[in-house]
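For reference, the structures are reproduced in the following blocks.
Each of the two complexes below includes subunit A, the first together with subunit B, the second together with subunit C.
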Partner chain A sequence: MIRDGIIDALKLLGRLDTSVIDAALRSLWISTLAVTAASLAGVAIGLLLARKPVPGRAVLVVLFRIGMSVPTVLIGLLCYAILSRRGPFGQYELLYTTWAIVIGEFFLALPIVTTWTHGAIMRLDPRVSETAYTLGARPIQRTLTYLNEARLAIVLAVLTAFARCFTELGIAMMVGGNIRGRTRTLTTATALETAQGEFARGMAMSFVLLLLAMGVTLVIAWFSRSGQESAS
Partner chain B sequence: MNTTHLTSSNDNIICTRNLAVTKGDQVICRAPDFTVSRGERIGIIGPNGSGKSTLFRVLAQLDCEFTGECQVTVEPRERVYVHQSPYLFSGSVLDNITYGLTARSIPQTQRRKMALQRLEQMEMADFANRNVKQLSGGEQRRVAIARACVLEPKLLLLDEPLADLDPAGVHAVQKTLAGLVNSTILITAPISLPFNFVQRCIELG
Partner chain C sequence: MLLQHHHWLPVFMIAWCIFLVPGCENNPPANPHVKIDANKTSVLRFAVTTSTQDSGLLDMLVPLFEQSHACRVDVIAVGSGAALKKGESGDVDVVLVHAPAAEDAFMKAGHGIRHEPLMHNYFLIAGPVEDLAGIRGKDLVVALKTIAEGSHRFISRGDGSGTHQRECDLWQKAGGRPPWDDYIESGQGQGKTMMMADEMNAYVLCDQATWLKQSDKYRLVPLLTGTDKLHNPYAVMVVDPSKHPSLNVKLAHSFVDFLISVETQILIADYQINGHTLFHPDRLSEESTK
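Here is the complex of A and B:
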């Protein structure tokens, strides 16, 4: 069964099956948008928590750490509660749209980027800030210096967040609704096709997910290695 | 009492009285009372652990609590401190040398010209585009000193600038420092300096 599924999946991929490509492209742009927004916010929040005496900083850091391990179905459930018609943002009618998935994945990626950025800035050599200060750098130049010195960890955080968002199922299922041609992503399509007995199609979707996960892992490994080499 | 503040009453740019830094119950630096005039070149000597680096951190206003008085009349942006183990930012030698010039909003072409001049003085002109991670310890130290000197600060604090340097490196540093005619320079050294650069020494116990 698995062998037949793999062969059928390769055939589907080989002739660029529209339902597979459609779900793959949708997953890609949803995750890209969510991770881009989460990266902008997460890097800023991580930097702020690391460098400024924000009230309740220790509590916030712990909350973001906890946020990294929150199940995606729970994030999906909370997003459902706020986006549903009776929720505080119900008037915008975002539920069962790709925007709802983007919002959910934003909250999935945010704690990852924030926590890793915070950790990376905190681990910077104290001489970085002292040297920047004594050379007369203004606050904006100092901030850019911290980000530049911690860039490896920040890039790894963004890649990890992307891999997590691209392969998640709970949020896409809860707030996307798996609507064909509108909100169907690779993970929801895989679950649906397999449940319907379309094993080959499910396999093909999984292959695309696997290929991308492997690609991201390779990029992470390359960054880690180049970081170790430049540190040595 | 903790009073680093600015005054502009006379030619003395540093004036300390009963200056001491404690960590827990331990006194990690006790400096004799001293004054430094504009343009002077002073050696701060003393054995390891006598508090030379700590004294520099106080003078550079680097988050260092102290007791006694320490008056420095130079603006913080005009004081440059080079660590005993200097830190170079990721990037090229040129990126590092121009760092402080960027902070002073000097145009890019002028920044590059000033940086290359200083590198030439430091006998490192060929290193301009090299990544700092590829430099030896001595070369990194020379880049850090060049990065400080290119700013021609009013007060330059060099913490053991000659450690790890070969005779050629010592000569290059000496030549570069000699070019800073308007700067007040304080240099720490364990016992004495290998060149006749400083005008007088202050000894820490």
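Here is the complex of A and C:
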């Protein structure tokens, strides 16, 4: 069965099966969008929590840390309740659209990026900020210095968040609805093929998922490495 | 001092385990199923359509059989298409589905050795109260054509389940389904598909059991039902053991006998949710009219 799956996966990729390409592209752009938004917000929040005396800071840090282990079905359920016609944002009719998945995955990625950024900035050598102060760096310059020093951890956090979002099923199924040609992603397509007893096709879908996830990881890892080499 | 504490911790843990393990073995199993497992009593694997599982009917019937035959029945709830696939690959002993055409193909291909009609109910078409397509009370074929021609939103299971197969069949009767933008394929079970239809104000084909069980959660209303074209028969089949010798064919036959027995058929007829009968038994008329 596994061999059949691999062969089928190669065949599907080889003839550029439209349903696979369609689902793959959708998966890619949904998670890219969600992770980009979550990274911007997460890095900002992480920085704030690490450097500014925000009221209730310790509690917030713990909450974000707990947020990393909230199961995706729960995030899906909460998003469903909020976006449903009977929910507070029902009038925008976002449920069963790709935007709903983006929103759900944003909340999946946010705690990961926030917690890692916060941790990385906290672990920075205190001399970094002392030096920046003595050299008379303006706040914005100091912030950039911190981010530059912690960039490896932040890149890893973004990668982890992307991997989580890209391979996630619960949110995509619940608030996306697995609608063919509209909200069907690689993971929900895999679930559907498996539910129909089409194991080889299901496996083919997940191999495509794995290949893409590995590809993205490698590309980002390569970028961050070459970035580091040029910086040093 | 603290270090010493840490040093002793593993020792305590090991001692704890040594004390606990014999204690566990002496405990009598509280659950009768555990005892059956230990004695290696047979297990029957039973693939059913999600609509039957969701109805709760099996939660009543299966324990009766388990008790009378000292066995365990593993109920695997999937769509009809997947249930038949599981039978084909010998992963289950008995299948209960509602997909007449696919059942015939299954028997003809020699995957099953026994096919027994079990019970039936009806499909229905539900939709928004406003019924913009105006299908209420219309002929089924006309209704489907109206939905398609008006490009009204319609949600299909799109998953090869019995309900989906019936839907395709109905479209064929209505002269084929033209493609339109608001024909949406959910690729999910009936319950979730109904939730989607409810949220999206769409028309949807549903089996009566799922509808009666969950309709109080929806704003959708039933618009068409009860005609012959919407007849929904359930059948039970024993998987052919000649290709898969590990199958429990004896127990499978007993289970099918149990399901079509007069006692069980009366239980099916009496099974109600919110005062509605979910399934009508197929084997009662000739045997019970004494």
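Simple rule for what comes next: the second predicted complex is superposed on the first by the 213 of 232 C-alpha atoms of A that agree within 3 Å, B and C clash if a C-alpha of one lies under 4 Å from a C-alpha of the other, contacts with A are read in each partner's own complex, and residues count from 1 in each chain.
Here, a contact is a pair of C-beta atoms (placed from the backbone, for glycine too) under 8 Å apart; a residue touches a chain by one contact, two chains touch by 3 or more.
Bear in mind the structure is a predicted one, so any value in this text is a computation, not a measurement.
Taken together in the superposed arrangement on subunit A, subunit B and subunit C fit without clashing. In the overlay built on the shared chain, the residue A:Pro53 is in contact with neither subunit B nor subunit C. By the document's definition of touching, of the two partners only subunit C reaches A:Ser84; subunit B does not. Using the contact criterion defined above for the overlaid structures, shared-chain residue A:Gly14 touches neither subunit B nor subunit C, since it reaches no partner. Panel annotation: after superposition on the shared chain A, the angle at the CA centre of subunit A between subunit B and subunit C (CA centres) reads 160 degrees, nearest 10. Of the two partner chains, subunit B is the only one touched by A:Asn148; subunit C is not. In the superposed model, A:Met173 lies in contact with subunit C only, and not with subunit B. In the superposed model, A:Leu135 makes contact with subunit B only, not with subunit C.
Aligning both complexes on chain A leaves subunit B and subunit C separated at their closest CA atoms by 24 Å.
On subunit A, the patch touched by subunit B and the patch touched by subunit C do not overlap at any residue. Considering their complex, residues 78-79, 81-82, 84-86, 89, 158-160, 184-189, 192, 196, 199-200 of subunit C touch subunit A. Those residues of subunit A that touch subunit C in the shared complex are 84-85, 95-96, 173, 177-182, 184, 188-189, 192, 195-198. Interface of subunit A with subunit B (complex): residues 125, 127-128, 130-138, 141, 145, 148-149, 151, 230-231.
Against subunit A, in their complex, subunit B makes its touches with residues 60, 62, 76-81, 83, 85-87, 89-91, 99-100, 102-104, 131, 133, 147-148, 151.
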